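For reference, chains read A, B and C in written order, and residue numbers begin at 1 within each chain.
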Amino acid sequence: MEGLKKSVLASLWFMFLTLPIMGVFVNTIDKSVTWHLDRVLYVGAAAFVLSYLWRFMLERKERGMKAEEQSAVEKVTLLNKLLANPKFFWPAVIAVAGFAIAFPKLFSMYQVNVMTSALIYVVLGLGLNIVVGLAGLLDLGFVAFYAVGAYSYALMNMYWGISFWVALPLGALLGALCGILLGFPVLRLRGDYLAIVTLGFGEIIRLVLENWAEFTHGPSGISNIARPEFFGLAKGFMAQINFMYYLMLVLVVFTIFVVNRLKNSRIGRAWQALREDEIACQAMGIDKMKTKLMAFSLGATWAGMVGVVFAAKTTFINPASFTFLESAIILSIVVLGGMGSILGVILGALVLILLPEYMRDFSEYRMLIFGATMVLVMVFRPQGLVRDVRKKIDISAVKKALGGVHD
Amino acid sequence: MEYFLELFFSGLTRGSIYALIALGYTMVYGIIELINFAHGEIYMIGAFVGLVVAGILTSFGFPAASIIVLASIAAIIYAAAYGYTLEKIAYRPLRDAPRLSPLISAIGMSIFLQNYVMLSQTSDFLSFPNLIPEFHFLGKFESMVGSSDFVIIVVAAVVMVALNLFIKFTRMGKAMRATAQNRKMAMLVGINVDQVISATFVIGSALAAVGGILIASHIGQINFFIGFIAGIKAFTAAVLGGIGSIPGAMLGGLILGWTESFCTGYVSSDYEDVFAFALLVLILIFRPSGLLGKAPIQKV
Amino acid sequence: MINERRTVLQVKGVSKDFGGLRALDDVDLDVKEGEIVALIGPNGAGKTTFFNCITGIYTPTEGDVNIDPYGGGFKRINGMKPNIVTELGMARTFQNIRLFPSMSVIENVMIGCHCRTKATFLGAVFRDPGTRKEEQETILKSYALLQELGLDQYADELARNLPYGAQRRLEIARALATDPFILLLDEPAAGMNPQETAELEELIVSIKDKHKISVLLIEHDMKMVMSLSDRLFVLEYGREIAHGTPQEISENPAVIKAYLGEELVDA
């Protein structure tokens, strides 16, 4: 009964809220008013149902949190258990790899192209995951480094005819350099200030690209960027698309390899510690600046590298591809997937990029859903799709190495 | 000299608006240490509600004076309602979560609200009726200060004085200051902290709506995206003045307004937004506590 | 005999102002090689502020903090960053335990090894033999420290799930992992019962002897302080009111006055 009352109130409240925005459209030029009261009624109905769901989820979460506090054991999900089991893990990896390699043979050129874009986001997500997920630095200007990579290839190609293969490492290097240059002054700032400064920096880069027309061609962008030469192997448009796909696949594998190793290293440990307690971390002799700077510039390196690939894939770039919204998309990939979790970020990228692509009817709602996803994930499932689990130190091996049992 | 004064007054107008929005950021930050990223969207929604109400009333043939009053009241009420709901949905469940969680939630809300308005009201710039009547008592200053500039400056000043009195003398104002200083302690002495936080969002949002409707009427058109840039600039103002400090937000707003106005007037108008962003980056790097803010002592 | 020992930490005239408030006023202190020195004083006397000043978390307003870990002459360290101070060999624990709660116990200690290891980005990616060896050594060293402090049965658990006393010991293990010449303990016995306190006392002595380090500790438990330390320094309202051996301190009228007030309040 109490619940019913609450839901009715919620329903009325949201109808009230949406009334002027969704229910009315005015045109002040010809002084006409169009009413869409039906939409408001839909909102009311939806709010009624959702408020039940909302309360149910909140209660469930609270109960879950209490249970977790009471038990000393870390929560291990079914997925994590499966992943830890080599009998499941390796066959799964082989199956996914086989599918990924056969993908261009199985699907049309259009699908391959879409998948290549999704893989670009996978790498971007994994790059940002180093910064946000592993080191806990909220970077809202990640797209700036992506732009640096893309523009460095486009401009070097336009002015000096530099080829893709030379530009790829150069773009990564320039990304890293920008990461260090920006990171150095701003990484002293506390988490939320850092977020805003990086956002401001991202916008500055975009505005400069837009306004420095003599150099960057301004808002109209740069077109006819050379596609990569695949050493004469890829003849024709179709083969090029496929090669682009394989190139991205290699980059994805390379990124997973690097991020995974970093995560379970001395540096990855320092990032984790920094995330949990900065003061204690410094008191244990960890150079806060250096450690943060490394995460920040590594993320930027990956963004720069993928930027080059993006420019080569689309053969046309303009500043509109590098707005804050793009940063927000990459961030929501990391948040939805699960901060820190490699598998999670990959799934997050595939879900968020492919789903709107295949559900064309929903594509206008894409950003609306992204925004809502970020809120809902934070409220109900802060660990994301896949909870990040750190690799354990093998204690029994340590005991063996020390010789004898010390129980 | 005339050009200088013109820039001075246009800076003052802009600055007043920034200050109005910055107050919302600063009050919320003062109390729950959260950058309310969606605050710019509340301002934008305030402007849209003003537009819709003004449009409906015009179609019914209401007199101009009553339209401006009713549209402003509606905008304020709605912005306050949205601010209240925003806090309840996106921030309250995260009050004890790690620091980045509510910030990410806020960014999500900002994107959501932008797209919600875009899908409902199209992405076109909609023309906003000029609600502020022309008057001519300014004499020879009229070329430098339009009547809507004048109204903006006066309204902003009145609102800010009222806010200061509210914070200083009312029960709720005192509760707000107490909560800002030490939330746990405030709770222990019997202050309803949830209520105080809600009130902060309501007041901050209402102030943003005042800014929204004034600037929309001044510029004459709005779309779903105006909240984003205005939000970042107002945040810059809040940080410039010292986030958490109410006089700081006002000072920061004015300084930012003048900086933009003079830089675009004397340097280049292409880079209008860059000046604000650059100022933001520079302050945060060199004086993160702002002009009037105090550097916090790190407790160990 | 004590006078022949070399001074490893020498603090001269350190003051710290917070705005208009003088939290520390002209404090002198020294610790000699292999010594256990206690810093005592009523609540709010500025003891933790003193720790923060000498470990680089705060920069002292005035005065000098000098260290001489290996007999090569004094080095002035005030104003240096906390991580540099730790690298130079001063390791500390915190009054309000600051572990890394969602990392395992052994990982907490491994963090302490960070500044004594070198693996870089490339090492992490390529896992060359050198890096692997270093990582293995880090694990072994950390595990040995856990054994020493009686924490090895918890090695795999998350730090936040440890019992309170074990968390305090883990902080000591983590500090030891940085290979310090002096260990700074901020109220290590806080919240412990008499038996635990006695065990801790033994532990501190054995650590000091085994690792050949000096110890500077802040403590409220007078019984423990009197039996454990070689010398004491007493702070009140940010000023040093006395220093000397436990015997001297217990007979010092200024100290008795400062403490009697507190004891009465406590009772």
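Simple rule for what comes next: contacts are C-beta pairs under 8 Å (C-beta built on N, C-alpha and C of every residue); 3 or more make two chains touch, one makes a residue touch a chain.
Here the structure is a predicted model, which means the values were calculated and not measured.
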### Task
Would you mind checking which chain's C-alpha centre is most distant from the centre of chain B?
C
## Note on the structure
One chain's C-alpha mean falls closest to the whole-protein C-alpha mean, and that chain is A
### Task
Could you see whether A-B or A-C has the larger number of C-beta contact pairs?
A-B
### Query
Per the centroid of Cα atoms for each chain, what is the distance between chain B and chain C, given in Å?
48
#### Entry: Between chain B and chain A, distance of the C-alpha-averaged centres to the nearest whole Å
30
### Query
Between chain A and chain C, what's the gap in Å when you average each chain's C-alpha atoms?
42
### Task
Mark out which residues of chain B touch at least two other chains, giving numbers and ranges.
298, 300
### Query
Residue numbers in chain A touching 2 or more other chains?
279
### Task
Indicate the residues of chain C shared as contacts by at least two other chains.
57, 94
### Query
For the complex, which residues does chain A have touching chain B?
13, 16-18, 20-22, 24-29, 31-33, 39, 58, 132, 136, 138, 140, 185-186, 188-193, 195-197, 199-201, 203-204, 207-208, 211, 279, 324-325, 328, 331-332, 335, 364-365, 367-368, 370-375, 378-379, 382
### Residues on chain A engaged by chain C in the complex (per definition of touch)
72, 74, 257-258, 261-262, 265-270, 272-273, 276-277, 279-288, 294, 298, 390, 392-393, 395, 398-399, 401-402, 406-407
### Touching residues on chain B, where the partner in the complex is chain A
33-35, 45, 48-49, 51-56, 58-59, 74, 78, 81-82, 85, 89-90, 93-94, 97-105, 107-117, 119-122, 126-129, 228, 232, 235-236, 239, 270-271, 273-274, 277-278, 280-281, 284-285, 288, 298, 300
### Query
Can you list the residues on chain C that touch chain A in the complex?
55, 57, 81-83, 86-87, 91-92, 94, 98-104, 106-107, 110-112, 114-117, 119-121, 123-125, 127, 131, 134-136, 138-140, 143-144, 147, 152-153, 155-158, 161, 174-175, 177-178
